[in-house]
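Look for chain A in each of the two complexes below; its partner is chain B in the first and chain C in the second.
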Partner chain A sequence: MSEAAPYRLRLFVAGSSARSQDMIHALRRTCRQGLGPATELEVVDIFQQPDLAERNGVVAAPTLVRLSPAPVRRLVGDLSDPERVLRAMALGPGAA
Partner chain B sequence: MPEPDLEAALRRQLRELEARLQESEDTLDAIRRGAIDALVVSGGQQHRVYTLESADRPYRVLIEQMREGAVTLSPDGTILYGNHRLSEMLELPQEQVIGRDLGLFLPEGERPVLAWLLREGGRGELTLRGARGGEMPVAASLGWLAVEGEGAVLCGVLSDLSAQRAHLREVSRANALLRAEIAQREAAEAALRQSQKMEAVGQLTGGIAHDFNNLLTGITGSLELMQEAVLRGRIVGLERYVASAMASAHRAAALTHRLLAFSRRQTLAPQPLSPNRLVEGMAELLSRTVGPAIALRTELADDAGTILCDPSQMENALLNLAINARDAMPDGGTLVIGTANVLATPEACREAGMAPGPCVALFVSDTGIGMSPETAARAFDPFFTTKPAGEGTGLGLSMIYGFARQSGGQAMIESALGQGTTVWLYLPRHEGMAEEAPKGAVATPAAGRGETVLLVDDEAVIRMLMGEALRKLGYATLEAADGPTALRLLQGGERLDLMVTDLGLPGGLNGRELAEAARRTQPGLKVLFITGFAEAAGLDARGLDAGTEMLPKPFSLEALATRIRAMLDRPPSPA
Partner chain C sequence: MPGYDPGTGSGRAATRPMIMEYTMSLEAAPSSRPTLPKAPTGIAGFDDITGGGLPAGRPSLICGSAGSGKTLFATTFLVNGTTLFDEPGVFMSFEERSEDLAANVASLGYNLDKLVEDGRIAIDHVQVDRSDIEENGEYDLEGLFLRLGFAVDSVGAKRVVLDTIETLFSSFDNQAILRSELRRLFGWIKDRGLSCIITGERGEGQFTRQDLEEYVSDCVVLLDNRVHEQITTRRLRVVKYRGSAHGTNEYPFLIDAQGISVLPVTGAGLSHGVSSEVVSTGIPGLDAMLGQGGFFRGTSLLLTGTAGTGKTSFSSTMVNAACERGERCMMFVFEESAAQVVRNARSIGLDLQRHADAGLLRFEAARPSLYGLEMHLARMHRDVEAFGPQLVVIDPITAFRGPEAEVQSVLLRMVDLLKARGITGIFTSLMHGGTGATIDADADLGMSSLMDAWVRLTHEEANGEINRTLYIIKARGMSHSNQVREYQMSEAGIGLIEPYIGPEGVLTGSARLSQVAREQAAALRRQQEIERRRREIARRRAAVDRQIQELRAALEAEEQEVTLLHQQDQERESALARDRQAMARHRTAAE
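Showing the complex of A and B:
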């Protein structure tokens, strides 16, 4: 499953802080290890782009959104547990 | 029975719905557990972000802790929020800040400034008056902040300027202190210089009194001897006494001249002269003055032209410079005296304090010990000398400087220790021919041809001497002790060929005024002023009208007669 198209993820945060920076780092590591090195991770501050949150169906921050591959998936709340993140973001074995 | 395709599609849809449901449950769960920072609430076109306490907490802490006053204001100046520092600045507990009018914490005169800032935003300086009466200068910067649904508010930052002001005050105090110290030191130095000068003046006047007494003794002694001899009817050998009295008198005259020159109040008798001819004429004398160990060379420029100055003063200056040079070369050396045509720009002239125009320079250059910058800076000062007490008066260069300045020129020193010295005298170039050989003029017959000369002087002896000398030469003379007497003689119908008058006269009319009054009675009357000082402003010979000349006292009777003859021989002025 590693030869499939790379993952595109988008993280929505509320304001930038040291805590959110730590979270972004941890998340990058998790994604590269669990979803492949080509994984793209964008970070959006909902204060700066609330309309983008609306378009991506985001209602809270932090939210991690899988933009592709389809279908779109969202994970809200605590993103510090790599297993929880990968469980939500990785395509399930039956979904491919 | 559903087809297998349809079944697969339904299963996929179901899985998707399950996933969506899972997502929603997770979201709700996260919200419930407080695992989120903010919620995005969408209403039509607008999206609002509601932050939970945890999300903007760092900013609140930051704002609370910063050392500037942070404030949000309604457009009328009511405080909506103020940080901790602001409550310090206003000298109020934090819970009493919100809801107050910021303008009430300003002096009345500054409220318009606040009103302006509230209207326009921007920066200004204000004085905050705390609730306990403390005052604090602040820099205020206010800006509009649009808050959805709530109308506009202003947010601003107030920074304390007192430290900065105190620093400025400190700096300017230090500055003032420094200036005061400098002024004090300068005053002390000036006082010291003045007292040194006074000391020197004391020495000098003591010395002069002594010299004068000697000279007077010589004169009176000679006169006494003459008187004795005359009483005893012995005329033979009298010239000896006369000669020694004359010699003493000449030395006394020379001494007063030196003093007057240094005070720049000497009467100059400038005339056009060729600097080259002057230097050539003095070379012999100078060479003898400096002695055989010093080689004298002249460097005369072909285009040195003509200058207008007092020839005897110029000779005196060159002699003094040569003596200074000799003193600077105790082991011998070379002395160069030269002339140069100077092409000075108007700026250079202005800088040197001279009227713009072409100049001629005379210079005296030696290969002697030279001067340190300190010595060179003070060498023109009167009484400044490095020579042992009793050897130098320190008047030589100051006299030369005074003479150069009074002649419309400038004097400058070019010197360095061990490198020799050159003293430059700059004088304005005179457009005209030098008078031929004024020195030989002694032989010109000064005899009168019956002309009438009026002599005005309050000193009876001088009147008498002049009258006697002139009558012997064939002039008719009239005498008056003051201006009114002189005018009465004139108005009584006396026809004069020339009037000789002292400048300083008693009786309400000075010599100059007398000359003017006399010319109203007899236009074009020739007048010769005699004076010890050029006291009346601008009475250098240059400043005189046509038909008017000046003869500085003391003068010899021969010089008087020569001058009178020369004046009478000149054609009358067209006045």
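Showing the complex of A and C:
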């Protein structure tokens, strides 16, 4: 896998609470540090787009979904630990 | 988690006043008092035992082991909700995909796809795959709430089914969060006023594996699928129903092409009305033996007899008579097929097929071993409800095998079922062994006291032949003959023969015939004697007459002689006179 691979992540959050804002910031930082700017991170508020949540099979929030590369992976819960996020998504620098 | 205890587990202050009602029996449920709003399930019988259905606007838990019918129960609740009560619903499935679900319930005649298309039901398949989820730290199930809310709003749902929410437990590790989220979910359902069914897998020593009953404390229904002696019986029990009286027993239920039906099998006490209308049995001789010319409508009649005494023929005759009066009849036969019964009835001159074609007669033939006892009862209950017969035949009750107490309890409820509806019931019972006229204790399966009437058919063996006799052991509420009567079955039907009582009791068959012949000979002899005497008298009368005539003739002859002599005397006298005159004249002339 090269660094140029189109990593597409989608983060589902429930509402725009301060907590979810913090989390989004943390995640963006993780992505930048772990993957560089190539990663595409889309943030979806499940209240705004419930159909998208349904389509992605999301029941819990927050959920980070790796859309590509396949297979789809999900991480539910705390996303503040960069290492753990990257390991869960199997996108760590070591994996590249 | 501690096991559920109905006495204390629900001890919230708000429910205290209702605890009294838990101990009340079903029939004692007060109807005038304000009761909890209910969401009817439309499942026959279930709404009866719960006094109207599941609690409206609250979650109920349906639990049971695999294959006990939880999903079907829940689907029926939804489908009936939208089709019968105009309450659209949402089915949130955590296990089956919506296509599978639609296919599964299609066998019950539900067209889920159509209902989904019409916007009456929404199906949401929530797939939570353990393998692709990692979890860490805190999260909430807002997504699930949202999807549910979305689905509810899309059809304006009043009812929700969550099947089976326990799947979440295997998908998420952090149970503390999950539990608090579930609690929130059920709270949310209550707030929205949704009548909800949550299904749960039966766990060891508790109702559900994940203690769902802890959250859903309003109503818990347990489904069971028990195998006893290789026969499966489905049973249902309302374990708990906060704020409402309910039937507390285990009720058998059926799942078949007609959906689910639950049978409230305990009778409603002995409050059934009685009829004093008398209906003919179709056998003139038997009618005559009963003071009023037949049995009362709604009578439970027990027909016992050894093999070949014509129990089925008697029942067929009574069915035929009822059908000819335009009544509806049902025959539950357990040892013959319907065609066989029809054919056999033809041999005694009855055309049952005609009644079956006219829709007045229905046969339900099944091997006793096809279902468990409870299922038979359940099936009968449903069929009787659906067909609405005035006469039901169960032929024979002895076909039911099982522990005596169980058979008896089932039969008792069968009798009860018919009595409560004022249906005349004919129960045949096969007796084994002896041909004697003693009353067998075992042939009635302890039923005799339940029965209003009991006719016993027997074989009498005498003089190298077997003859059939019957007698009425009892007929409640009417005077009846105490005679033992012989009957014969022929093309013309069942006919009772005038009783012939000889010095050694009732004579039957050829003994009766020879006695008849003897008596006829004696009568003939008497007749001949009378004739002979009559002739003798006539002869003597003729002889006397003749004598009288002879005497009279002799007398007349004598009289004639006397008259003749008298005449001759007179003629001689006159001749003498003439001679004297002539002589005188002659003498005078000469002087």
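Rule of thumb we're sticking to: the second predicted complex is superposed on the first by the 86 of 96 C-alpha atoms of A that agree within 3 Å, B and C clash if a C-alpha of one lies under 4 Å from a C-alpha of the other, contacts with A are read in each partner's own complex, and residues count from 1 in each chain.
Keep this in mind: a residue touches a chain if its C-beta (ideal position, glycine included) is under 8 Å from a C-beta of that chain, and two chains touch if they have at least 3 such contacts.
Keep in mind it's a predicted model, so treat the numbers as computed, not measured.
With both structures placed on the common chain, the touch criterion links A:23 to neither chain B nor chain C.
Legend: residue contacts after superposition of the two complexes on their common chain; A:31 is shown touching neither chain B nor chain C.
Once chain A of one complex is fitted onto chain A of the other, the partner contacts of A:46 extend to both chain B and chain C. Of the two partner chains placed by superposition, chain B and chain C are both touched by A:77.
Shared interface residues of chain A, touching chain B in one complex and chain C in the other, are 14-15, 46-47, 50-51, 53-54, 58-62, 71, 73-78, 88. Residues of chain A that touch chain C in their complex: 12, 14-15, 46-47, 50-51, 53-54, 57-63, 71-81, 84, 88. Across the complex, chain B is touched by residues 13-15, 17-18, 46-47, 50-51, 53-54, 58-62, 71, 73-78, 88, 94-95 of chain A.
By the touch criterion stated above, chain C contacts chain A in their complex at residues 124, 126-129, 132-144, 146-147, 149-150, 168, 172, 174.
By the touch criterion stated above, chain B contacts chain A in their complex at residues 15-16, 19, 23, 26-27, 29-31, 33, 35-42, 47-49, 51, 55-56, 58-59.
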